[in-house]
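What follows is a set of notes on a single structure, which appears directly below.
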Amino acid sequence: MNGWILAATVALGAGAGATLWGVATGPLRRRVVAQNLSTALACLVLLLLAQGYDRPSYVDLALVLALLGPVGTLVFARLLADDLAEDPPRAWGPTYLVVGAGAAVVTALCVATGPSRASAKLLVVGALLIGGNVVASRALSGGFSGLRRG
Amino acid sequence: MTPRAAMRTTLRAAAEFLAWWTGLAVLWLILISAVGPLELAVGATVAALGALAARAARRAVTGR
Amino acid sequence: MNRRIRLWLVAVAGTALAALLVAACLDLPDFGGDRHPYGDRAVDASLARHTANTVASVNFDQRAFDTLGELTVLFAAVVGCVVLLRQTRDEHRARPEPEPVARPVRRYALAVLPVALLTGLYVIAHGQLSPGGGFQGGVVAATALHLLYLGADYRALERVRPLGLYEAGDAVAVSAYLVTGLAGLIGATAFLANTLLPYGTFNTLSSGGTVPLLNAAVGMEVACAVVVLLARFLDQAVEIEDPTGKGSGTP
Amino acid sequence: MADAVIIVALLLVAAAATTAVLVRDPVRQALVLAVLGVLLAVLFTTLQAPDVGLSQLAVGSALTPLLLLLTVRKVRRRGRKEGPRR
Amino acid sequence: MTAVTHVLPYLVAVWIFLIGCYGLATSRNLIHAVGCLSVCQAATYVLLLAVGYRDGATAPVFSDVEPGSRPVVDPVVQALALTDVVVGATVTALLLALVVQVAKRHGTVDPDELSELRG
């Protein structure tokens, strides 16, 4: 039982549990933000599991999730633009919390794997994840305001 | 479109394509685990495809 | 049979089914047991044919015929959607206008589109080595294309995506899969048998005989199928209006 | 102890599936289904099935929500006498 | 390992399947019903992969692991689950296309109203 899997379990239980509760209850704007954070947290859990199971090939899953997670949130932001128009989500707090956690996890993993192509891959996944998350939050809070036809 | 302007646009287009191509080729090198001649060849073609898609997307969005 | 009786029937049947299923679960071998006869043989067969990803070997080598069946399921579903979501005579198609989208979102879409396309093709190309394959890579590549719709608007996507090309690509990919199988039949022993090409050195891109070819064919087919599928749904949701014009107006 | 992560992932997937069914509005259900897809992908990774996890990610994170929401948009614009949002 | 974890994955798969069937039976919106059907299908993925799991094993992908050096999980069920996921998505798309047709033809997506229409 190494520390990475323990960290993944804690992140999964606390983080994913909170986002699941966030997406199940409350106003629409909070649910959309919860969905956005759930993909970011799951990507971090996948990175930790890849390191915990000592399988560098699992990083491909985190890479695809770092790419498609924000795309899924853009889908919701675009197609629910009119529903979100009246009270746009303003959740920059949790977003920056998750972005900070992401940066911490990626740097810890890079230190663990040492300077090599694998850590370059981890940096690419981290950059995609943080960039995608910030842009998705920006899109949620009014990226598609003037939309007429969708 | 004077010949000089035409030459400049093609030059700018080639520069953009080359920039995208090098970026995507570097990304391909980071993604793959073992580097071999066949991997590099496939990577080059895929990077070229990606660069074409990037240029087409930019022109589709801005050329509106 | 009104709703109340139906719900009662569901409740009774549900509990009976639940009881039977739980009883069955208690008799199943323990979770995480060590007896996996098929798995061990599949791994040995995959290693014999120098395919690093055993799941890809099972999918495209040992059970290639089932994957052909799945490919036709995919193809039939796309044809079904194309037929169902066609534009009927009394509907008219409104031109999609350009939509205002926030600058960072558009820049993100334009930046991530080639990266996602590259990742999708990487997942397809390394299908028989690392986790991934034709199906996953095809869906990632197709979703990458639709970043244009998400980042800008449907007009930009339509300009980049000639639909006829993708429908033809879909058909070409399925027939490429069949031709590779027939080549196995003509060249060597059986339909879709992996005895056609040399197996190459282990853990390289050219290893695994016909597995990479079938992988690429499935990747292209899934990518084209998803693009055609989403095109039909997007047409219905964004462009096509009903005769009474009810469909138009703010969504 | 590696099973602890499997147990946590299983319970989360069960909770997400239950939520997906109990949420009656299609738009909100699409959101919960997206989260369910991501949790399933994590569960598949803990069960050492990266290929299946990758396909669940590819399908469940962007494709299925897009299809669901496009259908909701078409039905909402089409059926004017849509009942109160249940 | 305690007795409950020997059978927990199977019970979770059964629970997800039953809750999906409950949702299908009591749904008042066809799009919601299609979502519940995809929940039912998720149960089959969980059951298939739970059957193939082996304690302390890793994935049968040898791109970064020496073959034979570590016990591996059953790849056959993974291939089945992979096919299941892809076909599930395609079936969902086809069903949603049918829902659009029903909405066009009858103007409603409530199954109870539909049964009264005899359209």
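In this document, chain identifiers A, B, C, D and E correspond to the written order of the chains, with residue numbering beginning at 1 in each.
Everything that follows uses one rule, which is that a contact is a pair of C-beta atoms (placed from the backbone, for glycine too) under 8 Å apart; a residue touches a chain by one contact, two chains touch by 3 or more.
In this text, all values refer to a predicted model and were calculated from it rather than measured experimentally.
Visitor: Among the other chains, which touch chain D and chain E together?
Guide: A, C
Visitor: Which chain lies the greatest distance away from chain E when centres are computed from Cα atoms alone?
Guide: Comparing chain centres, B lies farthest from chain E.
Visitor: Taking each chain's centre as the mean of its CA atoms, which one is farthest from the centre of chain D?
Guide: B
Visitor: Any idea whether C-E or A-B has more C-beta pairs in contact?
Guide: Pair with more contacting C-beta pairs, C-E versus A-B: C-E.
Visitor: How far is the middle of chain A from the middle of chain E, if each middle is the mean of its Cα atoms, in Å?
Guide: 24
Visitor: Any idea how many Å lie between the Cα centroids of chain C and chain D?
Guide: Whole-Å distance between the two chain centres: 18.
Visitor: Do you know which chain D residues sit against two or more other chains?
Guide: Counting only residues that touch two or more other chains, chain D contributes 2-3, 30, 48, 50-51, 53-55, 57-59, 62-63, 66-67, 70-74, 78, 80.
Visitor: Send over the residues of chain E in touch with two or more other chains.
Guide: Each of 1, 5, 8-9, 22, 50, 52-53, 55, 58-59, 61, 63-64, 72-73, 78, 82, 85-86, 89, 93, 96, 100, 104 in chain E touches at least two other chains.
Visitor: Can you list every residue of chain A that touches 2 or more other chains, as numbers and ranges?
Guide: Only 53, 55-58, 60-61, 63-64, 68, 71, 75, 150 qualify.
Visitor: For chain A, which residues count as touching chain E in their complex?
Guide: These residues of chain A touch chain E: 53, 55-58.
Visitor: Quick one: in the complex, what on chain E touches chain C?
Guide: 1, 5-11, 14, 17-18, 21-22, 25-26, 50-55, 59-64, 67, 72-79, 82-83, 85-87, 89-91, 93-94, 96-98, 100-101, 104, 112
Visitor: Note which residues of chain B are touching chain C in the complex, please.
Guide: That would be residues 20, 24, 27-28, 31-34, 36, 38-39, 42, 46-47, 49-51, 53-54, 56-58, 60-61, 63-64 of chain B.
Visitor: Which residues of chain C touch chain A once you look at their complex with the stated criterion?
Guide: Going through chain C, the ones touching chain A are 94, 96-97, 99-102, 104-105, 108-109, 112, 115-116, 119, 123, 130-132, 136, 140, 143-144, 147, 150-151, 154, 237-238, 250-251.
Visitor: Touching chain D in the complex: which residues of chain A?
Guide: Its residues touching chain D are 1, 5-6, 8-9, 12-13, 16-17, 19-20, 23-24, 28, 31-32, 34-35, 38-39, 42, 45-46, 49, 53, 55, 57-58, 60-61, 64-65, 68-69, 71-72, 75-76, 79-80, 83, 150.
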